[in-house]
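In what follows, chain A forms one complex with chain B and a second complex with chain C.
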Partner chain A sequence: MTDTIRKTSFLRSARLEQESLTFGVVLLLAVALSVVSPAFLDGNNLASLQTALAPNLIVALGMMTLFMIGRFDLSVGAVMGISGIASAMALEAGMPVPVAFLAGIATGLLIGAFNGLMVARLGINHLIVTLGVLYMTRGVIEVVMSGEKLAGFTSFPPAFNLLGQWEVGGLSGLFLFALLLCIGFEAFLRLTFRGRSLLFLGGNPQAAEATGIRRRSTEFWCFVLSGGLAALAGVLMTARVGMANRYMGEGLEMQIFIACLIGGGSIAGGKGSYAGALAGVLFVTLLTNAFNLLSVPSEWQAVVIGAVLVLVVVVDGIMVLRKSGRPWSSILGPFPNRLSA
Partner chain B sequence: MMSQQLEQITPVRRFRFGGARGFGSNVLPLALVTAAVAVFLAATQPNFATASNLNSVLFGVSIEFLAIIGFTYVMVMREIDLSVGSVFALTGMLTGTLLVADWPFWPAALVALGVAALIGFINGFLVVRFNINSLMLTIGTMLLVRGLANVLANSLGGQTYPRAFRQFARTDLFDIRITIVVMVVAVLAAWVFQRQSALFRKMCFIGENVRSAVLHGIRVGRIKILAFVLSSVTAGIAGIFTASRITHADTQMGMGLEFVMVTAAIIGGASLYGGRGDLRGSALGLLLLALVLNGMIMFDIEPVFQQFVIGALLIATVAFDTVLNRRAK
Partner chain C sequence: MTIAEPVRVEGARPAGTILELRGVSKSYGAVRALRDVSFRVARGEVHAILGENGAGKSTTLKIINGEIEPDEGEILLAGAATRARDRKSGDIAMVHQELAVFPNMSVAENIFVGRMPRRGGRIDFPRLHARAAELLRLFGLQIDTREILGSLTPGQQQIVEILRAVESDASLLILDEPTSGLNNHEAETLLSLIQRLRDGGHTILYVSHRLQEVLEIADHVTVLRDGQFVETLRNEGIGEDDLIRRMVGRDLGPVSAPDTAALADAPVAFAVRGLSMAGQFQDMQIEVRKGEIVGVFGLEGSGAEQFSQSLFGIVPPTSGRMELDGRPVRDISPSALMRAGMAYLNGNRKEAGLYMERSIADNVSAPILDRLSRWGMVDRRQVLDRAREDIRRFAVRVPGPEGLPKQLSGGNQQKVMVSACLANDPRVIILNEPTRGVDVGAKAEVHDAARAEAAQGKAVLVFSSDLPELLRLAHRIVVMRSRRLAGEVAGQAMTEEAVMALAAGTR
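Coming up: the complex of A and B.
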């Protein structure tokens, strides 16, 4: 009788199975990279890795929150770009640094609120809304920047640049900040009722609403959060690289999207953790770094990213089918069960 | 006896084509709106009603129309194919690349269309077999295929295609561009197809309720894969015409085409929630969008603003679709 009571492993009970798998892959990738390319462990490369990781992680925290409730936001890349530009324009107009910082964040919050309003109040498909907003925002960026040089705004007061360039013990301050933020979010997710209710809402919306969780307002605030975090990443990156141009954040949404899927999120909702977001972002950033170190042409990078996305979506689909109790033979065999098509 | 049977059938038809059902499901109002926009532009802008301007607008619409044929029918079944823009670019560039490598035209075009069909089959197969959300999957194939198209574009390095191919899109039939003739014929054929064929009714049924369609013995998987293949192939044909029209490999080719298609299809009566769609409406939707963009150029509105307008129109039409769809239920 004793063998029927099996102790669940820690990873399973903490729901960190896929996250730990991704961490394992990341470690393997890192080891492989350091063997293949000696430049990987170079100080410069490690520093640039940290700079690349920090904004991606900040954006991924917002995206992962949306993934948990079964939504996503494709406008994050454009929001990052436009909030950096908003800060830069505020500085150009002679405003003090804190005001410029807030101007950037407010832009992101506003766009997030628009997304949230459209999705939560009007009930429009979130993909279409955020895609439309992506287009509109990129259009606005083009209009705003049409008179500027290709490099965009470049002269900032040193106090603003310091926002992105401070360091603690040789580590990039931005990177540490993003890590702290990630730990804070993870604690929120695991220790508070609101955090748990996010996963509940994504896993079973009807049941969650029946127990009194307010779906619409949660959705709305999650979109606002995602917009705000994307703006934060955008402003900090603008401060870090010292310029705001039309190219910032282009194609970022897909990278973050893939990172969240790989890190344990599911487009169906009800799954995911912020530790997973960290693992996914590490994976995607290392992959991009590997492309650069091995000097893979950029068009092949798009091919690989697309292939990874297809693979992840297919695996996600298979996992969902498994969860609904279909045997492997029916999923992969030559004669799938037609009734569940 | 005959007339009795006919009377029994008519109410069903009226239910589908009666016009009161949803945004744009009646083509006539949309045609009136399009005509009104055209009349407005003609009245305010002397450059609009010239033969060359009208011809170039129609030519552009007719090429995009080729790509929307399959796309509309994919949407009828509550799926979506966002890879059309990339497939469009890849097929055109692949044809161009093969022609630059001294292939004859027809084999080159057929190989390129074969590749397009393969991509469509992969899309459809994965969606059907693993029950994947087609939005997600086709975003992945969109990136992947776009990357492949850019590989080809870079290998061509801005080379122009052979002269014979550049002339191809300018082929005339009865003194009109052949694609415009094809568009008119296809719209008429679609009219018949949507009225008469059981296949279209099955597609609508699948879009309304997949489970019930499966239980009634409709081969859902087969029809869906067929539609995805059709969508890729028609996008590919449009891509070949476009490649011939723009005469060289351009990495911007077909960028954002998929969102123009979604917007046009929804304006034309399709719905993200499936079960509806009309190729005649989609054609009018494309024409309306083309007229609006053409009008913006006439009124000297900054071209970079077009992106904004397309995004706003996308959200507006989908919002309309969603609100009306909710009311219908």
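Coming up: the complex of A and C.
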């Protein structure tokens, strides 16, 4: 009897189809780069890759969590910036390193909690809320960093710098930390009911509530998580580069957003994985790196990354239409409204 | 109304009454959905509830399941009075007519959501899949438990949802039209599942439109009509006709038999040939002649609603042909169909019918603004004149053309909608639920308007869940069942029984 049941492949049942595709593309990209540009495998380049990957991945974990429940957070870049500044200011005020670290994280958690309250409690659209908070936070950064602080904070105690600069066996500690975090999140998603309930919630919110999953509180805590992770990335990066200025995290939200979509997330919710967040971040970071190595003008980076995003979304949209039984002629043909007999 | 004496259940099944409704009433605004309904369900039986559209079945189920509180009356579970909250969290599991599944999750997770087997802090996946596979095997389903639910057919998804309710092990299982989305094979699987559940001691409360099915598996059948209890029958020696007779029998008032003889020679104005939409309806055929009013009737889940929407390109069909005046329609989008001489009355006034914040004049002139314009500028005077004319013609009770639809009663809103629908002088008119939720007077006026259009040689197609309305209005009625054409009745044969026999029965 069992032999008549069509078995589901692992990639399909684990919902890792798009993730594995992205990983494959990343691998191809890496191989191609190492052939085309010898500088790619250079120690300096690999080190700067790791430094770029770590904060992006940490932020993407939060964003992917929100993607799963059909939400997103555009304030992450600004939160990253303001959290680094908060830590720097605490240090300048003479506070010990752990307190300064926590001050930065708390800033992010608070902003995340505000986003969460607005969305989960008051039911305001998450695009509007987080876009508004993005502007507000950027504005606060401008206010704080005016006058004599225009150049940013640069002198930190060595203990703080160490937070971002430790290494293990020649690999960046931050990068390893971000990877471990990613593995931990993936395990949580796959193995625990709380993790699964994110996907249940994204797949069918009403049905999930009817089966006892708490929608509002889950939403709230996902936004808090996203804020906290963005702050963590911000503080660690401030420690890494030894500087807190008003440019940190600028435009990052779009990069992360795109990485999550390419890595298998969907703004409709119910889809995505942290492995996919890793794949997407790898892809976006490698692509940026490729442009730098091949000295393509930076303007073109945005064009290509945007084009890849549009391609992914268009292919996805076409597949959805095909699934609903629309013939190819009505999707791509010149007369979409024509009836085919 | 007296409480009907329930018939005793003989045999070895666990005795007693698991559920009893006493004098339950519920109103939504001015609409009385249920009036003084009382009946009993015995423990361990399959109990079917039957009734036409709007008979109050869904409201009854929702009250039993604790989703809404009745205005009057009480619900007893195992002899004890209960509140809605107790029932919601209690020993009752309900499967709603609309799918409430997680298309992005595996089959096993869909069955066990909310009750995942755990070990430590983790989900015990081996046990989860083993138990799911066991359940699926028990009911003869050949599905991999790791398959993503969204890739199954709608019927299989529905069965998985029912298995979720089964797995919860509630002693009272409520199924609202569980077979409406299933094909014959799937429906048979489900029926045998229901029988197994009864043999296992569960009580099943079951709503269906398929009379044959009900007769096949129900122990008792409770019939509702117009929100009132009619009778609880024991399923012994009764047939489809007995059930239909109790479901229908509303007072229709005088029916003036329309003269259909002259119509037979009229040219076909609108034809639908082999129209299909994946998963919604299949191979629909209809011809409407000039001057003819054709009704389309189908019970909930029959596909009639989707069919009506696809005719106007709102949700486009996937294959088939349509002809207007013998010429094939090439572009099936609402705007092109309007240009070709078709008009559509949307069934949903609030959401898709009227611009509630715009004046009556704006509403009735919206479809024909280009005709009321000169050099691309809207001629306000013409718009107002046009609106005054329509207000007079349809006797809309409104202070003037600048009034807002939201200030009007439902019946007057409907008349504004009808006049907007007829504004561009269409040759083919599709009316969708033309009198839903309006009073008797407005209903008659809308009917008169439809008859007047037909008398002018227009072709009229009416979709309505209100069967008496169709019987009075239409020259013939096309009936849908199980997402297909079930048949057609006309002339003397056009009775409520005949239509219901096609819509719910096996003929």
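Here is the rule we use: the second predicted complex is superposed on the first by the 311 of 341 C-alpha atoms of A that agree within 3 Å, B and C clash if a C-alpha of one lies under 4 Å from a C-alpha of the other, contacts with A are read in each partner's own complex, and residues count from 1 in each chain.
Methods note: contacts are C-beta pairs under 8 Å (C-beta built on N, C-alpha and C of every residue); 3 or more make two chains touch, one makes a residue touch a chain.
Quick caveat, the model's predicted, so the values are computed rather than measured.
**Student:** First (chain B), second (chain C), both or neither: which does A:Ala307 touch?
**Tutor:** First partner only, chain B.
**Student:** Go through the superposed model and pick first if A:Gly270 touches only chain B, second if only chain C, both, or neither.
**Tutor:** A:Gly270 sits against chain C, while chain B stays out of touch.
**Student:** So, A:Arg138: does it touch chain B (first), chain C (second), both, or neither?
**Tutor:** The answer is first: A:Arg138 touches chain B but not chain C.
**Student:** When the two structures are overlaid on chain A, which partner does A:Ser330 contact: first (chain B), second (chain C), both, or neither?
**Tutor:** second
**Student:** In the overlay, answer first, second, both or neither for which of chain B and chain C A:Gly203 touches.
**Tutor:** Touch partner of A:Gly203: chain C, not chain B.
**Student:** Touch check for A:Val129: first (chain B), second (chain C), both, or neither?
**Tutor:** Touch partner of A:Val129: chain B, not chain C.
**Student:** Once chain A of both complexes is superposed, is A:Val296 in touch with chain B (first), chain C (second), both, or neither?
**Tutor:** In the superposition, A:Val296 contacts neither chain B nor chain C.
**Student:** For chain A, which side has the bigger count of touched residues, chain B or chain C?
**Tutor:** Higher number of touched chain A residues: B.
**Student:** Once the shared chain is lined up, is A:Leu29 touching chain B (first), chain C (second), both, or neither of them?
**Tutor:** Neither partner.
**Student:** Mind sorting out which residues of chain A both chain B and chain C touch, each in its own complex?
**Tutor:** Shared contact residues on chain A: 338-341.
**Student:** Going by the contact rule set out above, which residues of chain A touch chain C in the complex?
**Tutor:** Those in contact with chain C are residues 1, 4-8, 12-13, 15, 191-193, 196, 199-200, 202-204, 206-208, 210-213, 270-271, 324-327, 330, 335, 337-341.
**Student:** Taking the touch rule as given, give the residues of chain C at its contact with chain A in the complex, in rising order.
**Tutor:** Residue list for chain C touching chain A: 100-106, 109, 113-114, 116, 118, 121-123, 137, 142-144, 146-148, 274, 277-279, 313, 316-322, 329-333, 336.
**Student:** Within the complex, which stretch of chain B touches chain A?
**Tutor:** Residue positions touching the partner: 126, 128-133, 135-137, 139-148, 150-151, 153-154, 210, 214-215, 220-221, 256, 259, 262, 272, 302, 304-312, 314-315, 318-319, 322-323, 326.
**Student:** Write out the stretch or stretches of chain A touching chain B in their complex.
**Tutor:** Touch residues, chain A against chain B: 118, 122-125, 127-129, 131-140, 142-143, 146, 254, 267, 297-307, 309-310, 313-314, 316-318, 320-321, 331, 336, 338-341.
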